[in-house]
Structures are given as structure tokens and as C-alpha cells.
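Next come two complexes, and both contain subunit A; in the first it sits with subunit B, in the second with subunit C.
Showing the complex of A and B:
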């Protein structure tokens, strides 16, 4: 299959999750919505159900969610509520609601209350610990994941065995590995993988069934690996932020010859850096996997008097061969905003130029962003 | 508000003043001083005789002294977005060394440049405004204040000893919250919010100091689950170990027990004081509680705070007997004030309430600081119950409990730009208050520390609407 056709297939999945949801349901499958961040999707897969990521929408406007939420909340969380209210996700059999930021805390209550009022799906609450690594933190994660498992069992109607979870971990490790490989190859071959297509491929992973997606992605990776070395004339940058999946915005990068060398984006690489152990107690393996997550604005850093995250991102830029960083600052995202000054400090210290683009998912006009991106491309190509 | 200051209020003020004065003294003597989040288990620090100060209390004080905006802007200049909590911005600017200061008049030996926009109108002997040559009201020079500018203590410290250095140091705003020594360690408990975690991590980085963290995960049930208690209990042990390393002292169980006993007394006495708002009419203005909160925040574990609240109880008992109140107007309506007040705009908040005879007789801070417990596990459980870490059902139960007990006619809800976790489910709560209690609610937009996010006209309209709804309800009930 030509690369273009492969990308079209990923785009079809990325841009129309509702169609996939309908197909899963028509095939008699149960589907669980998974909100950001760090939910153990493996448990959904292990239950024989289909997990579908919910990271807002680029095509909806907030209307019904206003009944629950003031304006100063991130649009990812608000649009997730919107789609739970407006019928888009009525076919889901349940939804997992993590609470790792200050918006998701009260929103977990809004999701639960709203779904109960409308007699829609059950919501599955999840609170992660910020002490991830000490024994007591690991145990707390196991406890929380066990609650999630029990509630998933109530939905799927059968026990989720350790064997099921081990199987799921294998599937997910393979999935993450393929995604990491794709991110690397896309960075090496920007002439073949546009910013728009790169995003579509990664986004599709949230909606497609994992084995099918991984197989397709591995095939794509093989084709990309076989390409001759790239002779990229444009500039390369690293993206950072919570999410940057709007094709209209990403097209501006392609039009200005800006390639994405790699990313520090929550929706993309931040969640696929770490795998889970395939042997031993599988619940503990998932807890350890969460414990091993690092360098994330959402996570507490026990070495907090150092600037580990800022320096990690600066190194990522250097090692990827990029010459700058574009930060997609999700509006009203406290954790990202709180970490910005120290990210800036590390980037400045490493002499890495960057721009900060304020975005939200209701943005439709990217004129201002286009001007900033063009100017940044000019700066980097000098 | 009442002109005469009662013994209880004086005692409460002294307790907070002493917390800061003691910390300054300790710092000058080379002892360790720390900054702590308001709902960190202070009993742990008390067990090590540590001097601890409270950035939230500080930020509220700075905001109430009208320096919130300049400090918030200073944080924005450091790269912190203006969407971030105003307390956090003020505190981060302060941690970075920024200070609100009076503009020095360098042409004179001493003195400051007066801001002509400040001050109250000058009045003649008949109480009429005095006009200037342009026919505009003249300002009373005695009430005028200097321009406020931003100072940087690191810059000042780098200056050679001399008059310039002295004058610049003196120019820093003199009120107690602007004179908090820089921390040697920070104590953070995120039972309030996750922003707290990042806020304290930033301070730890700025000042290169250790951070002692207690993580309280958000709770979805009425009471904390046993696994949450176990997780947090283990962190208490962890924190004790870190404090031992920090201070080089062994954990003193006796001092800890003493602090716990005092913290329980303070909490019980605080709750008793809050309960005086159940009287109809109330013997105090509910706004008084906003001021007294400083004591439960900064001195919960101290005997003096518990004692001072007992004195305040006596004042209130006296008010009841004499039929008096600190409320400077007759109480016609009673409301719950939901949320943190807009500190920079307290007079503006009070004005339409006064005009309409509305007393605030319930505040969520009453149960929010009522940490009463009998043992370590109960103590952990108590610290899980901060307004922003409990489920909506628990939050509604708290509020409806005080609304019923304190006989409120309506609820005024502050949609606080600075506080996402607090404001995030208020719309649903408002519906429940009306459904369960049959009382009207009105919401307004504001901010606990950044005056730019408060719209006085909107607030007045909303209060007016609430008063009208309360009036109709009253008429229907009669």
C-alpha cells in the first residue's frame, strides 16, 4: 500500500471515532471511554472490551457543558463532558475518569453526576498517588487500579484474570514500542510524514483496536525505515504540551517547512515512554509502570529543588537534532503553566529558541498562530 | 464593621502577629524557618519546634493590602500565566524576591512619592467635600499613600552598605505579610489542590531547599477509604523522617501530642465560634470569620490560638446577652458565602450586603478547618477533608448542614478564577442547594487575590437579584 493510502486509513480512524464506536457496538463489543491521564487502559483490554481515548474534540463547541462548568476550564475536559451530554458517546458502556489535575478533580464529579442523572453510562473513578515510587505509593496505585478492575468486571460481566492482564500488558508494550518507533522514524523522515499525518497516525491509536493498530503501524514503520536517508531542507522542532492534534494548525507547520523531530506532548509521547513488566504480579507491574513515568508536568518530582523536567526536555531537543521547541500551551492548564518558567529557563540555558502558542480546542482561526510559526521558522532557518 | 475591638479579636490578632514576628526572630538567629500550605498537618512541624509561615495567609494579606495586582504581575513577568491561582502567583513572586514597595523620593533625604489618586476626599467642618481650583474634590493629604513599585531583595542585597540600600529596604511595604523571611524548607499538602504541588515545587527550585510533601488524593466517596488512610499515614511517617533529617532532632512524641491537643482545642473552639452564627440575629458579621481564619491557618497547633478563640467566644456570649453584634447594620437576610472572599475587594463585597441588610451567617471555612480527631488515623482522615478534596456529595452535605443550622435565606457563590477545584462543581451544587433547601442562589465572578478578575457592577446586580429572590421567598413563607 502506498504511504498516502496508509495515512488516509489512519486519518479515517483519527478523524471519525464515532464511526468506529458504532462499528464496535454493531459487532457486539463493549466500549469504555478513557479520559486523560494515565488510566490503566490495559485493564479494559484485559476485560475483553475496547478502550477509546477521550481527549476533547476539534469540531465541537461547548454548549451543554456550560450547565456544569464555568468558562475558565480546559476545553479538553469541557468538550469531553459536552460529548457525554450531547449523545456523541451514548453508546459507551462506561467511562474512566482520572483526577490528576485541578480541573479533572471537580470534573470527575460532574461526569458522574451528569451520567447518573441522564441514566447513561457508569463512571469509574480513579485517583493516582503523587508518591508513585515508594512501597506505600505503589500499593495505593494497586488499590486504585483494583477498584477500576472491579468496576470493569461489573460492566463486562466476568472476572479479569491475571493471565488476561499479562496478555494485555504484552499487547500494550508492543503498541507503545511501535508508537515510539514511529515517532522516531517520522522525525527522521519528515519528507514522508507530514506533521498532519504524524498526528493522525498517533491519534488513531486512541480509537482503533490495539492489535490491529499495532500491526498497521509496524507495517508503516517498516516502509519508513526502508526509505533512503532524508534530505530535509526545512527546520526541525520538538513539540511540547498537552495536545496538538488539530490538522488545521499542524498544516501551518507543513506549509512552513517545519518538521517535528520528536515530541514532549501528553497526548503523544509522554504516555508511551514506559512499558510494564510482562511477568510477575500484573497489577503491580501496572503500578510500577506508572511509578516509572517521569518528567511530566502532571507528576510530582521528589527531587523538586532541581529542574529535572526542564533539562529533560532541553536534552530531548538537542538529542533529536531539532533546533527549537514549540510549546502548545493549552489554555487554563495550570500544571503546564506552572512548569513553563522552568522549562523556559532550561531551554534558554541550552540556547534553544522556543515559542509558546496559546491554544484551545474551540479555536477555529489560527491566523495569529500562523504568523508566529512563520516567524519562528524564519528565526530557526537563519 | 465594629469600631471597638474586643479582647478576643485583639488576642487573635496578636497570635498571628507573633507567628510572623517569631519566625523573623528565628531567621535572624540563624534557625530554620519554613513555609507551609495552610492544611499541611502543622502538628508535625510543631513536634520539631519549627517556625513555620503560611504563604496562603500571606497572599491573602498582601491582596487585602491592595498589593495583589503588582505581585501577580511580577509573577507574570517571571513567566507564570495569569490564569494561575492568584495566591500562587503572589507567593511565587515573593519567593523569587519580588516585593511591593513604596516609591522612594530620591530628591529628598527620606520620604516617598505620593500617588495623587489615593486618599479620601477632604471635607470641611460641615462635612462637605472641599474642591480644588478646578472644581474637583480635594484629597485629604493625611490619607494619601505613596505609589507602589516593585522591588527585588536580591538586587538590594547585592548593593554596598549605605543609605541607598537602607532606603530601599525600608521602602518595602511594612505590613507583616510583606516581611516574611525566605524559607529554608517548604511543607506542602495538596489536600487543597494540585496547584499547591507545583507551587511548592517551584519554591523549592527557586530557593534550592527541601520540600516535604503530603499527597492527599481526591476522594470520590463520603468518607476516605481505608486504603487512602493507609497511604497518607505512611507519608506522615515519611515526613517525620524527613523532618528528623532536616532538623537533626529526633521526633518528640510529647511535643507532637501537645500540638495535637492544642490543634484539637483550636479546631473545636473555632467551630464553636462559627456556631455563634446560628443565633438569629447573629452576634457577629460573618465577614469577621474571614479575618479570624488567619489564626486557624497559622497557629492551629498553638495554645495561644485555642485560648484566643475562647476569649472570642466570651465576647460573642456577651453580645448575645446584650443583644449586640459586630454587624454594623440590622440583619434582614442571612446568606452563606460560598468560596474564598475576594480579598482585594472586601469593602466592595460588603457594600451591597450592608445596603440590603444581608449578613453572611455561613462560610464553608467553618467546617473546612474543623480538624478534630482522637488518634493518628482520625488525624489522617481529618486532613483528607479539605473543601477541594471531597466528593460533591460530601461537599453538599457540609454546606447544607451549615445552611440549615445557620438558617440562611440564600447562597452567594463566588466563581473564583483563582480556584478551579473549588469552582468546578459549583453549578451543580447551586442546583442542589435550591432543590434541597428551597433557597435561591446567585453566582458572581471574582478572584481571591487578583483584583482584575472582579467586576463590581456584576457583583452588585447579582446581590440585588439574590435579595429580591430572598424577599419573594420570605413573603411567600409569611
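Showing the complex of A and C:
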């Protein structure tokens, strides 16, 4: 299959998850929505159900969700609720609501109240510990994941065994490995993988069934690895932020000869950096996997005064061969806004140019962003 | 005389005559053995106005035009027609045409290339003021601050999706005050005290102005307050890139002496402007067009 056709298949999944949801339901499968992020999707898979990520929408406007949300909730959270309210996701059998940031914490209750009031679907509350690495933090995570597991068992109607979970961990490790490999190859071959296609490939992973997605992605990776070395004439940058999956916005990068060398984006690489152990207690393996996550704005860092995350991102830029960074700042994302001065400090110290683009998922006109992106390409070309 | 030749110490406003540019081009421009005269056209399609500059050999302004409507209107076509008529030339005689500004992508079939207005304002400002380090461009719907080193933009900041501090903000305030935008500077100069306009939001600031009018506050003092409100907002943006002298302000709002003065106060730096301030983006575009034309001729 040609690369272009492969990308079209990933785009079909990425841009129309509702169609996939309909297909899963028509096939008699149970489907669980998973809100952002660090939810143990492995438990959903282990239960024999299909997990589908819910990261807002680039095609909807907030209307019904206003009844439940404060105005300063990010559009990702509000549009997720919008789709739960407007019928788009009525076929879901349940939804996991992590509480990893200051918006998602209260929002988990908005989801719960709304879904209960409308008798739509069960919501599964998930709290992560702030101190995730000490023994008590690990145990807290195991306890929380156990609660999630019990509620999933109630939905699927059978016990989720340790063997089921170990099998799921293997599937997910393979899935993460393929995604990491794709991110690397896409950075090495921007002439073959546009910013738009790169995003579509990664986004599709949240909706497609994991074994099928991984198989398709591994085949794509094989084709990319066989390509001759790239003679990319444009500039390369690293992207950062919570999410940047709008194809209209990403097309501006392609039009201006800007390639994405790698990313520090939550929706893309932040959540695939760490695998879980495939042996031993599988629930503890998942808890340790979460504990081993690092360099994320939303994760507590005992050594935050050392600005480890800022240095990590600066090194990411240097090691990837990029010459600058584009930060997609989600409107009303307090954690990212508060962390920005530290990220800027680290980037400035490393003499890495960057721009901060304010975005939200209701944006339809990217004229101003296009101006900034094009000007940034000029700066990096000097 | 060029802006960078023989008029030092700089006047804060460079006289129009300074732009009768005479320095010969520094780059070779030969096609075979025949010396060519190269004409380039820069078109700046802004959100509120369309501007054109035609350059001869990258140094001499042959013609210029400005129409007070911008992207999505008849403005660009009329501005192009006017600049060509001013020089008595046709579009086919232009060696390279480069578009910039918010509507730069709307000139398919007319422009040979397009570039961002940040790069073009930086280029134009560095041409007029060779030692410029900071450029502030207040346009119709956005504010930009650029840091320049050796004539090239190396860093910049833009405002977020908000009309505060932009030309549109001043348009709204002028309408409420029942004065023309181009009268704001002179009226502010007659102010005897500054009224505090604390809101940066255009809608709330408009309410504040209406309240002041209802209290019979002198319009000139309100305008003074509006200028300082804009200046504080813009200064916050400019300070993010670090202000270094020489500071140059471009764009139509730079014609408002009240804004320039208020911004000087907020920044603590002298700000230089040019009578060509509205044309700086188009000038930069014409200069980039000249570079591209030279490449074409030499290849």
C-alpha cells in the first residue's frame, strides 16, 4: 500500500471516531470512553472492551456543556462533556474520568452529575496520587486502579484476571513502542510524513483497536525506515503542549516548510514514554508505570526547583536536531501557563528560540497563528 | 538621501525627503553583459488598509499607494492599480511582486511569493533605520514586537486573540467619542490631566469611556487615558522581548503622537517613527522582492 493510502486510513479513523464507535457497537463490543490522561487503559482492554480516548473535538462548539462548566475550564474538557451530552457518545458503556489537573478534578463531578441526571452511562472516577513514587503512593495508585477495575468488571460482567491484565500490558507496550518508533521516523523523514499526517497517525491510536492499530503502524514504520536519508531543506521544530491535532493549524507548518522533529505533547509523546513491566503483579506494574512517568507539567516533581522538565525539553530540542520549539498553549490551561516561565527560562538558557501560540478547540480562523508560524520559520532560517 | 546617510543625529521623525533613496544597490545585478533596472512591488494587505510600494533597484521608491480598506475588500486591487498608475508601469514590468499582511494569501496570480508581515516590517524598519533593535508594529487587529540584530529579526512577540492595544481598539474608542481616529493624537496633546481607563478589554474599556462621558469628563483627558491604556498593554508585550535602542514604531497607529508619547513613557525609551510608517510592511516586502529578483536574474 502506498504511504499516501496508509495515511488516508489513519486519517479516516482519526477524523471520524463516531463511525468506529458505531462499528464497535454493531459488532456487539462494549466501549469505554477515556478522558485525558494517564488512565490505565490496559484494564479496559483486559476486560475485553474497547477503550476510546476523548480529547475534545475540533469540529464542535460548546453549547450544552455551559450548563455544567465554569467559563475557565479548557475547551478540551468542555467539548468532551459536550459530546457526552449531545448524543455523539451515547453508545459508550461507561467513561473513565481522571482528575490529573485542576480542571479535570471538579470536571469529574460535572461529568458524573450530568451522566447520572440524564441516565446515560456510568462514570468511573480515577484519582492519581501526587506523591506517586514512594510505597504509599504506589499503593494509592493500586487502590485507585483496583476501584476502576471493579467498576469495569461491573460493566463487562466478568472478572478481570491478572493474566488478562498481563496480556493487555504486552499489547500496550507494543503499541507504545510502535508509536515511539513512528515519532522518531516521522522526525527523520518529514518529506514523507507531513505534520498533518503525523498527527492523524498518532490521533488514530486513541480510537482504533490497539492490536490492529499497532500492526498497521509497524507496517508503516517499516516503510519509513526503508526510505533513503532525508534531504529536508526546511526547518525542524519540536512541539509542546497538551494537544495540537487540528489539521488546519498543522497544515500551516507543512505550507511553511516546518517539520516536527519530535514532540513534548501530552496527546502524543508524553503518554507513551514509559512501558509497564510484563511480569509480577500486574496492578503494581501499572502503578509503577505511572510512577515512572516524568517531565510532565501535570505531574508533581519533588525536585521542581531544579527545573528538570525545562532542561528535559531543551535537550529534546537539541537531540532531535530541531532549531526551535512551538508551544501550543491551551486557553485556560493553568498548569501549562504557570510552568511556561520555567520552560522559557530553560529554552533561553539553551539559546533555543520558541514561540507560544494561544489555541483552543473552538478556533476556526488561524490567520494570526499562520503569521506567527511563518515569521518563526523566517527567524529560524536566519 | 537615505535614512542612514548624512542626517545624523537622527530626528525622531525622519523627513519624507530622506526616503528619496540614492544609495546604489550593494549586490551585483547584471544579466549577461547588460545592466538591468529591477523593479519590485511590495503589497501589504492589512486588516484595515492595503498598501503598496514600488522600488527601483531595491533602493528608490518609485511609487506608493494606500487604500483605507484591507483584506477581503476591493482595497488590494485598487492599491495595486494606483501604485502602477503612479509609476506609469504595468504589472508585467515588475520583476518580482511579494505580498505580506493579513491578506497576503489572497493574491494568487498577482504575487510571486508571500511573507509574514513581521519579517517585512522588520526588513522595512531596518532599511529606514539601519541601527534599529526593536520594532513595534501596532496594526489594525494585532500588536507585534520584534527584536532585530544586524537588520534581521531574531525574536518576536504577538498579542493573543484580543483587540486590546490594537488599531481596532482605537477605532472603537474614537467612535464612542465622536472624533476621527486621526484627530486622537492632537486632542490628547491638549489634555491637562489623564483619566484612568483601567480595562484592557475593548468592550469594558468602551463602557468606562461612556461612563466618563456621562460624567462630562473632558474628551481630551479621556483620550489621554485611552492612549496610556493602550501603551501599558503594548509595553507589556514589548518588554517580553527586551527593549533595546533604537526603538522604531511602524504601522498606521504610529501616526498618533499621543500613543507614541504614552508608549515612550511606559517603555522609558525614545521611539522613532517615519512618515512612511504605514508603508513599512510594503517597503519590506518590496525589499525582499528585490532580493528574490536578484536571485532570479543571477541564476
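Here, the second predicted complex is superposed on the first by the 382 of 382 C-alpha atoms of A that agree within 3 Å, B and C clash if a C-alpha of one lies under 4 Å from a C-alpha of the other, contacts with A are read in each partner's own complex, and residues count from 1 in each chain.
Please note the rule applied: contacts are C-beta pairs under 8 Å (C-beta built on N, C-alpha and C of every residue); 3 or more make two chains touch, one makes a residue touch a chain.
These numbers come from a predicted model, not from an experiment.
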(request) Would you mind checking whether subunit B and subunit C clash or fit side by side on subunit A after the superposition? (result) fit
(message) Once chain A of both complexes is superposed, is A:110 in touch with subunit B (first), subunit C (second), both, or neither?
(response) first
(request) May I ask you to decide whether A:371 touches subunit B, subunit C, both, or neither, giving the answer as first, second, both or neither? (result) second
(message) Counting residues of subunit A touched by each partner, does subunit B or subunit C come out ahead?
(response) B
(request) Tell me which partner A:28 touches in the superposition: subunit B (first), subunit C (second), both or neither. (result) neither
(message) According to the stated criteria, A:157 is in contact with first (subunit B), second (subunit C), both, or neither; which is it?
(response) neither
(message) Between subunit B and subunit C, whom does A:228 touch in the aligned arrangement: first, second, both, or neither?
(response) neither
(message) I'd like to know which partner A:101 touches here: subunit B for first, subunit C for second, both or neither.
(response) first
(message) Can you report the least C-alpha distance between subunit B and subunit C in the superposed arrangement, rounded to whole Å?
(response) 6
(request) Would you pull the subunit A residues touching subunit B in the complex into a rising list? (result) 67-70, 72-73, 99-103, 105-110, 112-113, 125, 127-131, 134-137, 139-140, 143-144, 297, 300-302, 304-307, 329, 331-332, 334-335, 337-342, 344
(request) Flag every residue of subunit C that touches subunit A in the complex, lowest number first. (result) 102, 115-119, 142, 152-156, 158, 160-161
(message) With touch defined as at the start, can you tell me which subunit A residues reach subunit C in the complex?
(response) 353, 355, 358, 367-368, 370-372, 374-376, 378-379, 382
(message) Please output the residues of subunit B touching subunit A within their complex, sorted ascending.
(response) 78-81, 83-85, 88, 190, 193-195, 197-202, 204-205, 207-211, 213, 215, 217-220, 227-228, 230-231, 234-235, 238, 388-389, 391-392, 415, 417, 420-428
